[in-house]
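Worksheet: one structure, shown below.
We call the chains A, B, C and D, going by the order they appear; numbering starts again at 1 in every chain.
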């Protein structure tokens, strides 16, 4: 990863068209801005109603809220699986809704996405599932191998590259999905409940992994139900409810240092 | 997109769906075989029709008891006619010999004298003369001294011509139907392999793959399928044709007057490449709605 | 399992995969159409062969200048032969009239006198007489006083017979190939709809459904597909046949001596039910490996 | 549900063959017993190694352990998606491994299963997804309707029966899976991470739902990573690690009454 970052000279930015760079104006703007976004599924059930939200470049934001609040919908709008019904979503100052079909792949190449339902390919091997994100970028095979190996190591699956993903346990599959999202070193990482199938120890590990990646300049948007996880970190927490931002606060406020989390935290602080 | 990755992904597809592809290629090959057979029939019927259209032929039966000199004179007269290409005199003796050669019967028939068989003159007509002109010519010849009967084969010709055109229509209909079948089979196969690999396509799209990147391996697979199937069909058709050639010729040649010919290299190439083309097209069309994920 | 739930689940399958089923039924119908056409051709060829095998026919050309009395006597002699069914005398005048009726040419031909056309006797042979016996008979007749020439049509008959048997072989091959195609297409369609509904099958199995419960709707779908396709094919074949019947008859009847007939009700029913049967079988076979979840 | 239980006279028990009843000997035995169970995937990686375990009729057992410990494998062995490589699993005293293929459906009809990956049918409606469990039992349509309605109400999805499951949020899909597992009132409920996509409030609701069903006599085996959930209840907790039972204890031991859980708990105690 390090070698690659050097060779490409800073954060890669092939936006809208491969090879294009975001200009100075793009760099100044927030990486993601929601302006009065509505999304309807059927007449009377809006999943998002008038969402206003700005995420600055390099931020780490938790997204939480009850089941059906609209978290996944919000993320899907960003990677254009869905389009807004009214309002705008600006990615680096550009309106995502106005992208042509041909440009969408180039938007997505700037994103790393952990899907709530993993979306791994069960009959592919672990290696192939992670490598596809780099093959799409047409990286040479040698580089793909080394970066995939590194990503698998970071999620605790090193040495398991040849197993078929369909045979892995739920938590292992989720970690494959995480590895795929981070392997391409995206500008924006969208993680939809990436720890739902992980035990508390691994959940903290994955959170820590995301924080490490965040340190290198990646913006992270992390949707989760795990209060144990979000409350213990000093990041912005957005609470959605019924398609609206219901609460914005920072973590660590109500963090109680009891239970297994505390043990791990102590260990982490020590090491 | 790199060719390497394209090929390796297509190979992966084949490996995973080997059974499916075997079934698909087999049924496609059958369809192409039908198409090839229809083309072969069309081509041979065309050749026959062409030959018949060109080479008219009249048999002039002679009155009994004509002197050889009279026959020679008559043959010379006939040969002098503008429409006549060549003449051949068949004496009573020769007609008897030909008849005996054609029957496997012995004694009783062999006892027949030459006088039973009328002498005749076979008249070949120059090519390009219409059926009507031949008919007129036959009438004129019939009026000549020493001619007992003229056979211009008009009735047979007409019936065979209509048979030929019916055959042509039939073969064309078969070709169209088979083309449709090939298209449907390739489409269904590709759709089947897409349905099984939906997740894969979805993942690639969501990771930022372009349509071309996703489509590539499927199109390669479609082309390979089409190529394999049509090549197989051509091979099977050629094997069948050359194995049965002698039989076909003996069955048809006297009747239609030509030897059965195989499809020319141009048509063969066309058949094989149309396989590849249909494979590619059908893949592309079937993929369309799945790319909108 | 209750029939209600079976039907309603099968209906759900159809609704969800409508497009797929339309494509499948269409391509199946095409395949069945080919099968039906091949059967039709086989049946008519069989009828022709049978008729030809039964009804021999000889034309006896008479020497010029025979008296009507002599002709009548000759006809009586011929009629008296064991192998002969009936005779018809065609006088020179009649032969000329028939000839003129067949040509559209005017003056020149019309000027021809009746003497150009030899009188003849058409001899119908009783059915069941072999070709060889007819050949012998023709030779005997040829030796009779007043006969100039005998045409037993043996050469034509033999060539047409070999043509017929070649046609039969071809039609049988087509039928087999088409049967294979139908099987492959139904199998692929079912496999496709299974691939799409894999999750559904898996869920039912895991909830404790028996194989029969899972299989039921698919088999119903297979049967309906096969039935629809074969019924459609039969309808299309019938429409084409009765629309083209007059044409077919005029093209073939003089030549082959029979009228074209459509497939009998037994064969039609067989075709339709074989559609249902193939659909069911193919569904069942395709489902097998998917049930082992 | 009540009417049905009455009409069938106690807990239905169509075991191995529809209509057969478990005799007195079956009723005395533990509902589930693992005797020295091994399960190998590949030569060198056993997912379960020498598992011994007894679950009594009417028990409520939590199953926990790190990702890849073998929890899902254990459950899959019970519903015969997998078969043991050595040892025996006795369900009501009968060896599951020795069931014929034709008997497996009748084993599964005694089980309610919440799968880790939900296994809902995305193109079916919510109603259809839940009703299939009853249609398989060939219950009359009227009864199916009323019981499905009741089950949906219990998981908080009443009135949403006509929506296609593929359009639901992750947590909603998980609740559909829960409804399908409970609707047939099984003798044994196997739940594999049934709250991984639910917010803490809903997670407690689902746990409470399972406890209510447990009250009616159903045995529950509940695999989860959510320590917040398992520690607060007085049930047996089995910890797996690397395919072995690593720890057996009861909950409530280390339960700290802080955070949102406490609030809900208080409310629940009051209501």
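Throughout what follows, a residue touches a chain if its C-beta (ideal position, glycine included) is under 8 Å from a C-beta of that chain, and two chains touch if they have at least 3 such contacts.
From a predicted model like this one, the values you see are computed outputs, not experimental measurements.
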item	value
Mutual neighbours - chains that touch chain A and chain B alike	none
For chain A paired with chain C, centre-to-centre distance based on mean C-alpha positions, whole Å	68
Between chain D and chain A, distance of the C-alpha-averaged centres to the nearest whole Å	32
Distance between chain centroids, defined by C-alpha means - chain B, chain C (Å)	20
Where chain B touches two or more other chains, by residue	none
Pairwise touch network: line, ring, star, complete, or other	ring
Touching pairs - complete list by chain label	A-B, A-D, B-C, C-D
Chain A contact footprint on chain D (complex, rising order)	41, 64-68, 71-73, 116-117, 167-172, 175, 192-193, 196-203, 225, 227-228, 231, 254, 256, 258-260
Partner chain B, residues of chain C touching it in the complex	20, 23-24, 26-27, 30-31, 33-34, 61, 63-64, 102-105, 108-109, 112-113, 116-118, 132, 135-136, 139-140, 142-143, 148-149, 154-155, 159-160, 162-163, 165-166, 170, 174, 177-178, 180-181, 184-185, 187-189, 191-192, 195-196, 248, 250-252, 254-255
Interfacial residue positions of chain C with respect to chain D in the complex	1-2, 4-5, 16, 199-200, 202-210, 213
Residue ranges of chain A touching chain B (in the complex, touch as defined)	79, 81, 102, 105-109, 111, 113, 115, 119-124, 129, 132-133, 135-138, 141, 180, 184
